[in-house]
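To start, I am sharing the structure in question, which I have written as C-alpha cells.
By written order: A, B, C, D and E. Residues from 1 in each chain.
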Amino acid sequence: MSTMTLEARDLTVSRGGVPVLEGLSFRLDPGQVLVLRGPNGSGKTTLLRTLAGLQPPMAGEVSLPPEAIAYGAHADGLKSTLTVAENLRFWARVHGVHDIEPALDRLNLQALRQRAAQNLSAGQKRRLGLARLLVTGRAIWLLDEPTVSLDRASVALFADVVRAHISAGGAALIATHIDLGLETEIFDVTPFKADPNAPSRTPTPFDEAFA
Amino acid sequence: MSTMTLEARDLTVSRGGVPVLEGLSFRLDPGQVLVLRGPNGSGKTTLLRTLAGLQPPMAGEVSLPPEAIAYGAHADGLKSTLTVAENLRFWARVHGVHDIEPALDRLNLQALRQRAAQNLSAGQKRRLGLARLLVTGRAIWLLDEPTVSLDRASVALFADVVRAHISAGGAALIATHIDLGLETEIFDVTPFKADPNAPSRTPTPFDEAFA
Amino acid sequence: MIALLARDLALAIRAGGGFGLGLAFYLIVSTLVPFAVGPEAAVLARIAPGILWVGALLACLLSLDRIFQLDFEDGSLDLLATAPIPMEGTVAVKALAHWLTTSLPLVIAAPIFGALMNMPAPGYWWIFVTLLIGTPALSMIGAFGAALTVGLKRGGLLLSLLVLPLYIPTLIFGAEAATRGIGGFENTTPLLLLAGITAASVALLPFAASAALRINLR
Amino acid sequence: MIALLARDLALAIRAGGGFGLGLAFYLIVSTLVPFAVGPEAAVLARIAPGILWVGALLACLLSLDRIFQLDFEDGSLDLLATAPIPMEGTVAVKALAHWLTTSLPLVIAAPIFGALMNMPAPGYWWIFVTLLIGTPALSMIGAFGAALTVGLKRGGLLLSLLVLPLYIPTLIFGAEAATRGIGGFENTTPLLLLAGITAASVALLPFAASAALRINLR
Amino acid sequence: MSDMHRTKQARDRWNFLWEWANPVKFMWFSGRVLPWLIAATVISLVASLVWGFFFTPEAINFGSSVKIIYVHVPTATVAVSAWFMMLVASLIWLIRRHHVSALAAKAAAPVGMVMTLAALATGAMWGQPMWGTWWAWDPRLTSFLILFLFYLGYMALWAAIENPDTAADLTSVLAVVGSVFAFLSRYAVNFWNQGLHQGATLSLDKEENIADSYWIPLVIGIGGFMLFFVTMVFIRTRTEIRLRRIHALELRERMADA
C-alpha cells in the first residue's frame, strides 16, 4: 500500500461555478487520519465530493491511485425494502468482496441483520452506512460527518473501526464537527476560504467575462 | 402559560405494532428543558412522534393543551426551490405569525435570506429548520436531534435560542446524543425499554393472539 | 390556507413544472394516437373526444404524485398536521392548486388539440364544457388516491391503479356528453351526472383523503 | 453487474411494484379507451393495435423514473459512480432490469388485451412480435431520458416531454408493422426498421446516458 | 513529443477563430455588427413581403391565399436551420467548452420554436382554403409538429436545471441524441403516410418550378428571415451573456456573506 497516497496540489473547489475553497494542498498517507474542520458552509462537503471524483476541480489537481476511494456521505445508499444483510451484501458484491460477516460484527449489526432498512432508527441506519465502507475493500476513506445520529457507544465503535483500518495501512479523511477520540491530525479549511471578490482565477481566459 | 404543561402517564409507544418503550410517566412544565437520552434505537423518535400526536400511543395517555406543540425532526419541511425567507414566511403565515425577522436574526440567517434552500450546506439547512420553530409561536418544542450537522458556534446559538424560549415561559423536550450546554434535566429512556418477550400487555384482549 | 395555496402555486411555477408540462404531455398524447392509429381523418374524428378525455385524465394522473408526495418526503406534511389548519382544509387547498396548475390549462387547450385530431367544429365547445365540469372531480379523486399512497416510495403505478377505476364514471359521462353534443343529440343527462360527480367529490372526498393522510403519517 | 441486476429485480419484486403494476396500468388504459370511445366493435378493432402500442409506451414511460431516481436520492448512484463498475454497464443493466420487470410482462399480456378490444386473431401474434422487438428500444431510450432528468425533483412530466418525441419512430414502425401484419400485408420493412432502432439504441444510448448521469452527479 | 507539439501548433493556427468565443470579444464584435444586421434584416424583409404581397399576380386556382407562401416557406426553412445551428453549437460546447457557443444554442431555441410555430400556423391557415382542413396528418406537417416538441423539450430542460454549466451539458447531449431521432422521425412519417403537401418547388432541376415572378421575392424572403434569425440569436446571446454575468455576480455576493 505504499503508493496509496492521496495528494491535492493547489486545489480550488467550486459549487455552482463559484470557488468555495482555494489553494488547498495536502497529502494523506497510508496510516493517517486527517480530520477536516470548518464552520457550516465552509466547503467540506464540496471538497470531499471533488476528491471522490464526483465533481471536477475548478483548478489545481488531485492525484490518487485508481479505485482506491470509498466515499461515505449523509445519504447511505440504503434500500429501505431490503434487509440489513441484503443491503450490505449488494455493496460487497459490487466491490468483489465476499464476506459481509466481519462488517456486521464490527458495527454491531448482527442482531439487526434480518431487519428491513426502513425499520431501522436513525442511528442504526447510520451504522449500516458505515459497515458499507468495510465491504468496499478500499484503502482511502472519505467520510462526510460519519457520526451524525450516533450515540456515544456507537461513536466509540466507529473510532475503533477507523483505528483498525489505518493500522492495516488504510487512510481516512473525515469531515466532522465533533470530537472522535482518534489521535488525529486536524486540517482546518477556514483559511482557504475563497475570496469571491478577488480578481478572476478561473483556468481558461475564455470565461473571464463571466466570473 | 400556566396550563402549558405536557404530561405523560404510563405511556407505551410502539413502532410497527411492537411496543418500544413502556410505562413512561413524566411531565414537562413551562420553563423546563428535558433532554431525552438513550442509545440508538431505544425509541426516542417514536416517543416524540407520539407526543406530537403524529401517531397514537399504544397504551397510557398524553395530556397537553391544544395547539401548543411545535415538532422539529430531521426532515425540516424545506422546499428546495424557495428561498430561505420564503420558506420561513410560509410557516409563519400558516401559524398566523407575521414577522420573520427575529427568527432570521436569532439563527444568523440574514445573510442567506435570498438563497434557495437547495443551495444551502447541511448545517445552514438545519439552522433554517430551527428558525421555523420560532415562527410557530408555540410553547412546547419537541425536538429530535436538533443539532445534527451544526458546528460548535451554531450549537451555542441554538442553546441561546432554547434558553430564551424557556425564560419566556416555553418548554422543550429534546432528544440528542451530544451535550448542549444547557442546564438541563436528563431523562434517560433506557430503563423503559419494552421487553418484546414479555406476556402481552396490549390494551385490548382481541390483539392478544398477535402480540 | 391562502398561504398554502400561494406556496403551492409558487412551487408549481418555480419548478418549471405546473402549467407547461402537463399541457405538453397532453399535446404529446394527442399526437401519439394518430401516429399509432394511422392518419385517416374519419377514424380520428370518430375517436377524438374519447381520446382527448383519456389524455386529460392521464395528464392529470401523472401529476398527482406532486400533490402530497413531496410534502411527505421533506417532512412538511408532518408539520402541516401539527399546524393550526384542519387537515381537510389542507387537502382541499392542495387539490385546488392541482386543478389550477394542471387541469385548467388542459381544459383551455383541449379545443386546439381537437383541431389536430380533425374533430368537427361543435366539438371544440363540447370538449371544453365537459372537461371544465369534469376535471375538478379528477383533481379531487386524484388527491384522495395520492393521500392513500403517500407513504409509499414511488407509489406512482399503484396510485394509477387505485385512481383509474375511480375515474371511470367521470370518464364515461364526460366522454358520452361530449360525443352526444358533437353529434347534435340531447346530452343534458350525462352533463348533469357529471356535475353531480364533481359536486359530490368536492364535498365529501376531502374528509376521506384527510383520514387517509393521518393514517399514513403515523 | 450481476449483483446490480439481481438487486434491481429484487427491489422491483419486493416493492410490490414492477411486474404487477405496469401490467395493471396497461390493462386499465386498454379498458379506458373502450369506455371513452364507445363500444362499437368495428371501431375498436380498427384502432386496437395502435392503442395497445400507445398503452405499452405509456406504461413503460410511467415506470421510467424508477430507473435512476431512487438511486440518486438515496445516494446509491454516487456510490455506484465510485464503484469498480463502468457507468455504461450500470446504465445498461438498469435498462435491462426495467425491460425485464416492466416491458416483458406487457409484451406477454398484450395479446390478451387485444382480445378485449376485439382484435382479429392474427393480431395476437403480430402485436406480440412487434412489442417484443420494439420494447427494448423503449426501455433504453427511457433510461436515457431518466438519466437526463435524474437531478430534478419530480422530473416526471419533463421526462415525458423529453422521451415521448424520441419514442415516435419506434411507435410508428411498431404500430405500422402490427397493422400491416394483421391486414395480411407485407411488413418486413417496418419490422426490420424496428429491429434496427432497437439494435442502435441498445448499442449507443448507454454512452449518452452515462454521460448525462455523470453530469448530473457533479 | 513532436506530435504533441504539432497539434498544439495546429491549435494555435485556429485560435484566431476560437477567440470570438470569448464572451468579451463576442460582446464587442456583436455590438459592432448588430446595427448592420438589423438594417439588412429590415430591408430584405420589407422588400420581399411588399413585393410578394402587392406585386405578384394572383395564381389561377390558388387565389390570393398563395401569398401566404412568403411567410410560410421562409419560416419553415429557418425553423429547420435553427435546429441545425443549435446542434453545431452544442457540439462545439461539448468538445471545446466555449460558453458563448452553449449560450448561442440556448438563445436560438426560442427563435426556432417561434419559427416552427409560425410555419405551422401559416400552414394551417393555408390548408383551410387549399385542402379544406386546418390540419392533416401529412408527413411534412407532422414532422414539423415533432420538431416543435423537440424545441419544447430542449427549452424545458434548460429551464429546469439551475446550474448553468450542467444545463448546457445536458441540453447539448439532448440536442445531439434528439437530432438523430428527429431525423429518424422524418423518415418514419414519410414511410407512414404519403401526404398532401407540396414537394420541393425551389429545386432548380425540376420542370414544375414556380414562375420567376413568385420565385425572386421568395428567395429574398428566405434570406430576410435567415438574417432575422441571425439578428435575434445575436441579441439574445448578448442577453444571455449579461444574465450569466449577473448570475456570477450574485453568486459571488452570496459567497461573500456566507
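Here is the rule we use: a contact is a pair of C-beta atoms (placed from the backbone, for glycine too) under 8 Å apart; a residue touches a chain by one contact, two chains touch by 3 or more.
All of these numbers come straight from a predicted model, not from anything done at the bench.
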Item to check | Contacts common to chain A and chain D (chain labels) | outcome: E
Item to check | Pair of chains joined by the greatest number of C-beta pairs in contact | outcome: C-D
Checklist entry - By CA centroid distance, what chain is farthest from chain B? => result E
Checklist entry - Since chain C and chain D are copies that touch, is their contact same (over half of the numbers shared) or different (under half)? => result same
Next on the checklist: Need the CA-centroid distance for the pair chain B / chain D, whole Å please.
Outcome noted: 45
Next on the checklist: Based only on mean CA positions, could you tell me how far chain A sits from chain B in angstrom?
Outcome noted: 29
Item to check | Centre distance in Å when chain C and chain D are each reduced to the mean of their C-alpha atoms | outcome: 24
Next on the checklist: If a residue has to touch 2 or more other chains to count, which residues of chain B qualify?
Outcome noted: 74, 119, 124
Item to check | Residue numbers of chain D (touch at least two other chains) | outcome: 15, 153, 158, 161, 164-165, 168, 172, 218
Next on the checklist: Can you list every residue of chain E that touches 2 or more other chains, as numbers and ranges?
Outcome noted: 146, 149, 152-153, 156, 160, 162, 189, 192, 254, 258
Checklist entry - What residues on chain E touch chain C, complex-wise? => result 133-138, 142, 145-146, 149, 152-153, 156, 159-160, 189, 192-193
Checklist entry - Along chain A, where are the residues that touch chain D in the complex? => result 49, 52-56, 67, 69-71, 73-79, 81-82, 86, 90-91, 93-96, 132, 136
Checklist entry - What part of chain D is in contact with chain C in the complex they form? => result 15-17, 21-22, 24-25, 28-29, 32-33, 35-38, 43, 46-47, 49-51, 53-54, 57-58, 62-63, 65-66, 69-70, 153-154, 156-158, 160-161, 164-165, 167-168, 171-172, 175, 179
Next on the checklist: So in the complex, the part of chain D that touches chain E is made up of which residues?
Outcome noted: 144, 148-149, 151-152, 155, 158, 161-162, 164-166, 168-169, 172-173, 176, 189-190, 193, 197, 205, 208, 211-212, 215-216, 218
Checklist entry - For chain D, which residues are in contact with chain A within the complex? => result 2-4, 7, 10-11, 14-15, 71, 73-85, 217-218
